[in-house]
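Both complexes below contain chain A, partnered by chain B and then by chain C.
This part shows the complex of A and B:
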């Protein structure tokens, strides 16, 4: 049966693993946000070969399992002299994988901007960079914030995979606790509740952000 | 005198479809040219080539003697780089049928963004200039509004102020009132008339408002099937049309 004393005794360890999990999620997410945008723009440049290579890269990353990519980064790269901490390898793997999904989201947002906005910017003699930063992205991004935010939650829920490259994240910690004490109920319950407690308010937060950013449209 | 803008045997095709056929046209500094003609005759395409929104298939367009879509490299004309296009584009402004205001910016921001970002003006200077432009088009009381809250006529007047603040040598108006409710057409035509009076800036005005064209144009050019069929003073074009095609076109208008 449920043991409250045991629950309280394992809480600190789980919470400190939670800190790592959250940090890995947030760092990966920001990495994915930036890399995703770069991929979107590279896949749209007028130099055909760059655009094509970018699209191939996106397809490749999307169509291979995240776990395989994590293994590659963590176990294969060191053989070529690139040894990474589990945290760094995890952030690169998770971030790169989801950047390809976010890049699709950006693309949708950008393609929703009417051609006339590009033409007006050109008629006013904006250069390419300013057209993107002043005209296109400020209109393309607010509507996709909820979708981007959803990916933050999706990525959060993917973090248990990082245990495969020895990152001490929250689920792995719970499993270890369970194995050592032969009590799994409390540890796994806490993990489930913590995921819920973080995911749900996050989705509310995203919703209110969306309302604020879109209020003038 | 050399014309300020010059189309020389300019053609434009989309795949098989030949939209413009070796068109020649000169526009002097400050000259107001009205472009009339049936829909589909190539007027918009003609204007978009000058705004560098569309590239000619053949021929040369010159601005102040310098080719727009080409640059000289080792004595031969090659396709212009983006850098060259940007250096030429500043001479040209455009007002679109559907305004194309920046929806995420207020009226004032719409007008002052390009002076700050493109011309490098200080915020203060750009704001002062933009406010005076918006005052000129009668929108001094709408500075903080977003485009979504404006009428069509107001939107088009913001678009005019936004293009005007860049001080182009020529302003293209592509059917600036065609997307407006009839009761809002007058306020926009009034503003364009005022600007035309000021002089120095040339205008290429595509319109179906014949009275308006007669009023402000120095020259009227009649387009049909991708060619200039007839051109001349408003009196000549509207009172003594020579070609049967122009006569038929005007008859259709007058009988409406």
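This part shows the complex of A and C:
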């Protein structure tokens, strides 16, 4: 049954692995933010073939398991001379997977901008780059910040998958402890509780941010 | 090994993946309605229990739940075979996310529909079953469609608790043949091909159910 002394003795080890989990989450999220925006732009370019290939890519990545994509990056890339550290492979996999979700979020934000804004930019002789950076994105991004925040939490909860490509984050640490002591209960429960403690308040926070944002309009 | 041999060897895992997807889909569907309706119950205790279930599952991650059920539960005396653990974890997970779809769809049916039901002297059950639910159900479909895809992708995780699904077979095959690129490439395409009819099916159902509505 539950052993408190054992729980306390393994807590520091699991907590120290939390650093890796958080670091992997944040890095992947920034990667996804940038790649997601690039994918959105590419799926909107006037050259039909590029736009179509981008949409197919998004569709494919969204409809296949993240775990298999991680294996692909971690095991296939080295065959072509690109050996990746588990952390790097994990960040690329997780970031790429969620960039396809974020690109949909960006798309929603951009499509919500009234047509008149584009026309005004054209009337004022803005070039394409300036239209995007000075007119469209500054209006499209703020309303979607809560949605992006939700994806940050989703990605945080997906990081245990990186243990499958040998990254020693909290789940892997817990598994090692369990395997050495034959006591999986405490280790895995701590991991579950940690996820809950971190993600539940964050999602509440984002919810209230969302409500405030909607009230101001 | 030729590509065809590789495909044939991988297909041994297809049955596990499909059975797992279908069974946990059914469990998730039932739980989604139970918890979704539970959160709208007039009894506080039912609302609280449903809310705790949904928040705990949504607040932790699927892989942690899977490991917990498979590795930690036996210490409490409940030993489940890998298949049952997989169905339970995936079903609980999709039920929790599905309950939010059920709840928000029911809440988005205009209040006037409920009031009209009251005016026609319908019971609470009749109003839910004959007035609210048919309208809410159509709204749930896109959400459930996405959820089924997430569920299918989630089944790949059971390979980590030694269940011999598609991903597991790929790992075994990879260790013995070292044809890494081909194996994982084929595997990705296989998952995509399974997901494809699922998205089409839901869209078809959506069109069927919205016929004559506007």
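Just so it is clear, the second predicted complex is superposed on the first by the 202 of 217 C-alpha atoms of A that agree within 3 Å, B and C clash if a C-alpha of one lies under 4 Å from a C-alpha of the other, contacts with A are read in each partner's own complex, and residues count from 1 in each chain.
By definition in this document, contacts are C-beta pairs under 8 Å (C-beta built on N, C-alpha and C of every residue); 3 or more make two chains touch, one makes a residue touch a chain.
Owing to the predicted nature of the structure, the values given are computational and were not obtained by experimental measurement.
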Answer with clash or fit: chain B and chain C placed together on chain A by superposition.
fit
Just chain B (first), just chain C (second), both, or neither: which does A:32 touch?
neither
Where does A:161 make contact in the superposed view: on chain B (first), on chain C (second), on both, or on neither?
second
Of chain B and chain C, the chain that contacts the larger number of chain A residues
C
Applying the touch criterion given at the start, work out whether A:119 contacts chain B, chain C, both or neither, answering first, second, both or neither.
first
Applying the document's definition of touch, where does A:148 land relative to chain B and chain C: first, second, both, or neither?
neither
Mind working out whether A:190 is in touch with chain B, chain C, both or neither, as first, second, both or neither?
neither
Is A:138 touching the first partner chain B, the second partner chain C, both, or neither of them?
first
Applying the touch criterion given at the start, work out whether A:63 contacts chain B, chain C, both or neither, answering first, second, both or neither.
second
Shortest Cα gap between chain B and chain C in the overlay, whole Å, is 28
Both partners, chain B and chain C, contact chain A at residues none
Please output the residues of chain B touching chain A within their complex, sorted ascending.
51-53, 82, 86, 89-90, 92-94, 96, 98, 100-104, 113-114, 117-118, 146, 148, 159, 162-163, 166
Looking at the complex, which residues from chain A come into contact with chain B?
114, 116-117, 119-120, 122-128, 130, 134-135, 138-139, 142, 216-217
Touching chain A in the complex, chain C uses residues 55-56, 58-65, 67-68, 71-72, 75-76, 149, 152-157, 159-160, 167, 170-171, 174, 180-181, 184-185, 187-188, 191-192, 195-196, 199
Can you list the chain A residues touching chain C in their complex?
1, 60, 62-69, 71-72, 75-76, 79, 157-161, 163-164, 171, 174-175, 178, 183-185, 188-189, 191-192, 195-196, 199-200, 203
